[in-house]
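What follows is a group of structures, each given as structure tokens.
Each of the two complexes below includes chain A, the first together with chain B, the second together with chain C.
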Partner chain A sequence: MEIIDKIKTNKSIDNQTEIKKICLDKLQSSPLPNPRSEQWRLSNKSKLSNFLDYSVNKNNSKIDIPYPKNSQSTIRLIIGENCQINLIEKNYSIQQLSEDELQKYIKEQISFFNQNENWSDLLNLSLSCQNNILGLKINGSKIPPIEIFSHASSNSLNAKTLIIFLEKNCNVELLQVNLGEDNSSLSQATFFCLEKNSSLNHGVVSYGVNKSNLLNSLNVIQQKNSEYNLGSLHFKFNYARFEIRIKQSEGNAKTNIKGMQITKKDEQISTYTKIDFDGPNGFLDQINKSLADDKSHAIFEGSIIVPKIAQKTDASQLSRNLLLSNLAQIDTKPQLEIIADDVKCKHGATISQLNEEELFYMRTRGITLKEASKLQLSSYFQEIISFIPVSKDRWDLLDKLLNEN
Partner chain B sequence: MVNENLVKDVVKEPYKYGFVTDIETEKIEKGLNEGIIKLISQKKDEPRFLLDFRLKAFKKWQKMKEPDWAALGYKKIDYQDIIYYSAPKQKEKISSLDEVDPKLLETFDKLGIPLTEQKKLTNVAVDAVFDSVSIATTFREELAEHGVIFCSISEAVKNHADLIEKYLGTVVPASDNYFAALNSAVFSDGSFVYIPKGVTCPMDLSSYFRINSGDSGQFERTLIIAEESSSVSYLEGCTAPMFDTNTLHAAVVELIALDDATIKYSTVQNWYAGDEEGIGGIFNFVTKRGKCLGKRSKISWSQVETGSAITWKYPSCLLLGEESVGEFYSVALTNNLQQADTGTKMIHIGPKTKSTIVSKGISAGNSKNSYRGLVKMGTKATGSRNYSQCDSMLIGDQASANTFPYIKSQQPNSEIEHEASTCRISEDQLFYLQSRGIEFEEAVSMMVSGFCRDVFNQLPMEFAAEADKLLALKLEGSVG
Partner chain C sequence: MQSKMKESDPILEVKNLSASTDNLPILKGVSLTVFPGEIHAIMGRNGCGKSTFSKIIAGHPSYNITNGDIKFLGENINSLEPEERSQSGIFLGFQYPIEIPGVSNLEFLRVSTNARRKFLNKEELDTFDFEELVKEKLEIVKMDQAFLSRSVNQGFSGGEKKRNEILQMALLEPKIAILDETDSGLDIDALRIVASGIKRISNSQTGIILITHYQRLLDEIKPNYVHVMSDGQIIKTGESDLALELEKKGYEWTDNFIKET
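Our next item is the complex of A and B:
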């Protein structure tokens, strides 16, 4: 693991900014996450070490965008390639964060970091260089949809960082696409701050090709009366880890999450979510779906934390899983930690295979088994896919998923 | 608006089993080493294989670390500051209950345990364990007529050594976990039950565990074997006096069910929980596990956990036999500064196995109540099913309720369903009951009882009444 050696010796990670130094210092004492900790217990050690085997690449190869750009109104940004933006329109503005604003915000975030929980963030911030960091502040109304792409080049590790401030009262639709190439590792860290009364419809679609790896972390802070909707989809990664940490810092905020991960061959994809309610009247509706086939392994761990201050919280979390092969495995652990007494919290989890009765019914109507399975899967996928904003009309994700089955 | 203080008053109830019996006891010196283990073994006149079992366990224990993953916080236990053997002095051999020290009989009488002849009408056979030894076992002759062996484990070691050697440590091996290894090294007494082939045990069997001494730990071991097509219902109750020190209780329970056998194991645990400041109370670290070895065998755990300062307990089922069934029904009530981390493990290994988990947690005061469970479907568990439900009720805004269900599946042709919810005493329901003339206290009690009904329905008659009474007592206060 070349990278870990470099972190240990602190050599050749040049151009050290203050942030990089802080993160490297934090990593130096224990460069790898504790494999016995809850967050990393099930993570495949050899796959993680494979992730770290590539050398860091600051230059970016040409990205192959999977679907056409449609209307002129959509703003398309590619981290590391074309991410200089300074738009000041009549109704809205999208501006680059200044170096000071970036430093201040990230430093504040790092002060809350926990070595195991935020290891992916620490690694990302120690490795990402200036032209792979995109920081934006958005305000105003009638903001056009935004697409942001990150990708990793073959035989290298790329670290990309995205930071967005949504200022008061603004509504944004944002699609983030993470693409992996053959034998590549992508470390993507995202930080959002949703100010009062703002709302963000966020989509995350991540997919790779043979032997792509991904560490994707997402940190969201929601202020009062903000609304955050996330639709996410992860598939075709040798190893992928999606970490979602959301903090409703003052309560009175709404969060909706619909996520899905699909694993095949010997892939391992995991989703870890942690939702902190730091104020009253918070709302969460979360569903996470996994589908595991062949010899693959899908993992979901979700925790909901409701301290004393978070009275009248209404949170629900559902983990639905399909296990399609004898050699595949699924681990799921939805968990609740509650101290406030006037709350409505529930969670549920199911693991099963395709519904046999439904399959039988369709077959008695002359539909072949293959078609019937496809129909069932499409309804299973549709709930999540329809929640992913921006590219719906141009990118047939459902078709892509079904035809790869 | 529910008056928070009223609810808090309602859940306060002094511990009524907190008295100490003044009886002459024989204790060995404090501390744990090979010499102590040899001494315990010698005192109990044990065969060589058991001493070897103990010493091997002790060696393993020395290499192990105390687990810290549970959501519990307690001061470090000094294992060298505990007396590992304490027994009331009495005549060597007891042929009838008349020879038992009347003080002991009085103690169990006060606890409401039917040991004396006139109370035998209740038709429950009892094995009473006082500190480290078994005092008396009732109804032995009647049970013997049916071939049922029900005695203390010390006697079983002497009289049925073959069975002990064959089964001891097969469900919970000495190396299983820190507390199981400790128990395997120093266990003093406990109950042994053997139900022969085809026999339905004619009466419920019961063990009553009483800690009397403040500085000795209790390490009992229970082994129940149900041969083919047999069935038994076993009840377990526990109390302890009030001391301001913490007493350690680390028990191991092993159940083995062969083809078509059924074991129902019910517990009402009411160890002393410590006072309102959290001083004193029992540290309860228990390993309970059942092995459904035979086809269509069934093991059912039901528990009402109201006592102990710390509870660390996960009664589990290993479902090996085809079509075997595991069940877990639990009510855990914590108050003041009590902490409970309890749940179950259902390991589905054989095909067409089924398991049900119903867990109800009630947390009041500043207590912490966690459900931690594992459901695992192995690769051969085709056509298996699990259903889990865990509900928590919070009383007051200082208590915490956590749920940590671990779910793992490696078998596509199996189904797992889990659901959990959290609620509080509903103001509407309370208002409704009060408007019908039901007193506040009784209304709360009724609602808690209703919340736990799914579990109480699973308890045997004798225990259901006791459990309901126990909860009512805990919820009865100085209101009005």
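Our next item is the complex of A and C:
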């Protein structure tokens, strides 16, 4: 693990920024996450080690965009390639954060970081170079859809960071696409701050090819009356972790999450979520689906924290899983930590196989077993796919998934 | 399996059929022959094996045929997959039609119809041509077009589900239809619509097996033969008046036949 050796000796980084120094300092005492901690105990050690085996690449190879732009108005940004944007239109503006704004925000965030819980963020911020950090502040209305791409080049580890401030009363639709090349590791850290009355429809689609690895962390702070909707899909990674941390800082906010991970061969993909309600009247509706085939391993661990201040919280977390092979493994653990006494919270988990009676019904209508399974999976995917803000007519994601399963 | 049969040959010939699930015998030597144009009714107590019989004819993978033959259009179909049986012209109308969330009814019907058409060497239909065909068939079961855009059977009432089954039957144009308690859960009007749909679809070339508990369906569709099933066997066969007698005397009356057997 070349990177860990460099972190230990702190040799690698020239012209270190203050942020990097802080992160490296935090990592130096224990450069790897604690394998016994709740967040990391199921993580495949050799796969994590493989993630860290590549050397850091600050230069970006040309990205192969998987689909054309939906319309001229869509704003497409590629982290590390065309990060320059400064749009001031009649109804809205999208501007880059200044260096000072970025530093201030990240430093504030780091002060709350816990070595184990935020290890992926610390690693990202200690590796991400200035060129690979995109910071935006968005305000106004009638904002065109935004697409942001991150990718990792072959035989290297790329660290990309995205920070977005949504100012008061603004509504944004944003699709984030993370692509992994052959034998690559992508560290993607994303930070959103949703100010009062703002709303974000956020899609995250991450997929790789042979031996792609991904550490994807997402940190969201929601102020009063903000709404955050997340639709996510992760598939085709040798090893991937999606860490979601959302804080409703004053309560009175809405969060909807629909996520799915698909694992095949010997892949391991996991989703960790932590939703903090730091005020009353918060709302959460979360569903996470896993589909595991062959000898693969899918993991979901979710926690909802409802302290005393978070009265009248209404939160629901459901984990639904499909196990398609006798050798595949699914671990799921939705959890609630409730101190407040006037709340409505529920959680649940199911693990099942394809429904035999549904398959038989379709087969009695002349549909082959393969087609019937495909239709059933399609219906399983549909709930998540339809929640991702993605131009369906241009990128038939569902078909792509089904053809690969 | 294309038909090279004469009109007088049976569509379905079940001989001494025994079947089990999880080593538990369910059918114990059932024989039944259906000729073109015939309507058969199978009656019997709950759990006597009627629904199992229909599922085995349709090829349910949970049941093992331990003895006997099922011949369809002269060929043994014991080892055919459910989809092959359907494509060749066997239709099973479910007692409890399955809901398939997320799969549009229109697309489901189109894929099924095209599977059957492909078998019959007919041209497969694209979405536009299929919509024309399905509109025509919807009229048979008095269904609204809105049903097509919903997920298969999801949120349908009991009556709507049964009408959807008959719509599928109309589209697939089977050689033989086995309708498992199609009348259960239907009000009088829905029963009439379903019965009239079945009558419109059936003809002198097709066979129908109605599985039912009640005379009211047989008032609408008069069967040529009525079979009484008990403990995995057909214990009595008669003409349509057998159903009337059964309605009057109840299944206790049939217990005497078992004793005689």
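One rule holds for everything that comes next: the second predicted complex is superposed on the first by the 404 of 405 C-alpha atoms of A that agree within 3 Å, B and C clash if a C-alpha of one lies under 4 Å from a C-alpha of the other, contacts with A are read in each partner's own complex, and residues count from 1 in each chain.
The definition used in the following text is that a residue touches a chain if its C-beta (ideal position, glycine included) is under 8 Å from a C-beta of that chain, and two chains touch if they have at least 3 such contacts.
All of these numbers come straight from a predicted model, not from anything done at the bench.
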item: Which of chain B and chain C A:342 touches, first, second, both or neither; value: first
item: Between chain B and chain C, more extensive residue contact with chain A; value: B
item: Chain B versus chain C as contact partner of A:324, first or second or both or neither; value: first
item: Touching partner for A:100 - first (chain B), second (chain C), both, neither; value: neither
item: Contacts of A:64 with chain B and chain C, given as first, second, both or neither; value: neither
item: Interface residues of chain A shared between complexes with chain B and chain C; value: none
item: In the complex, chain A residues that touch chain C; value: 356-358, 360-369, 371-372, 375-376, 378-380, 382-383
item: Touch list for chain A against partner chain B, complex; value: 308, 311, 319, 321, 323-353
item: Touch list for chain B against partner chain A, complex; value: 377, 379, 392, 394-424
item: Residues on chain C engaged by chain A in the complex (per definition of touch); value: 58-62, 81-83, 85-87, 91-92, 94, 97-98, 100-103, 108, 111-112, 115-116, 119, 151, 168, 172
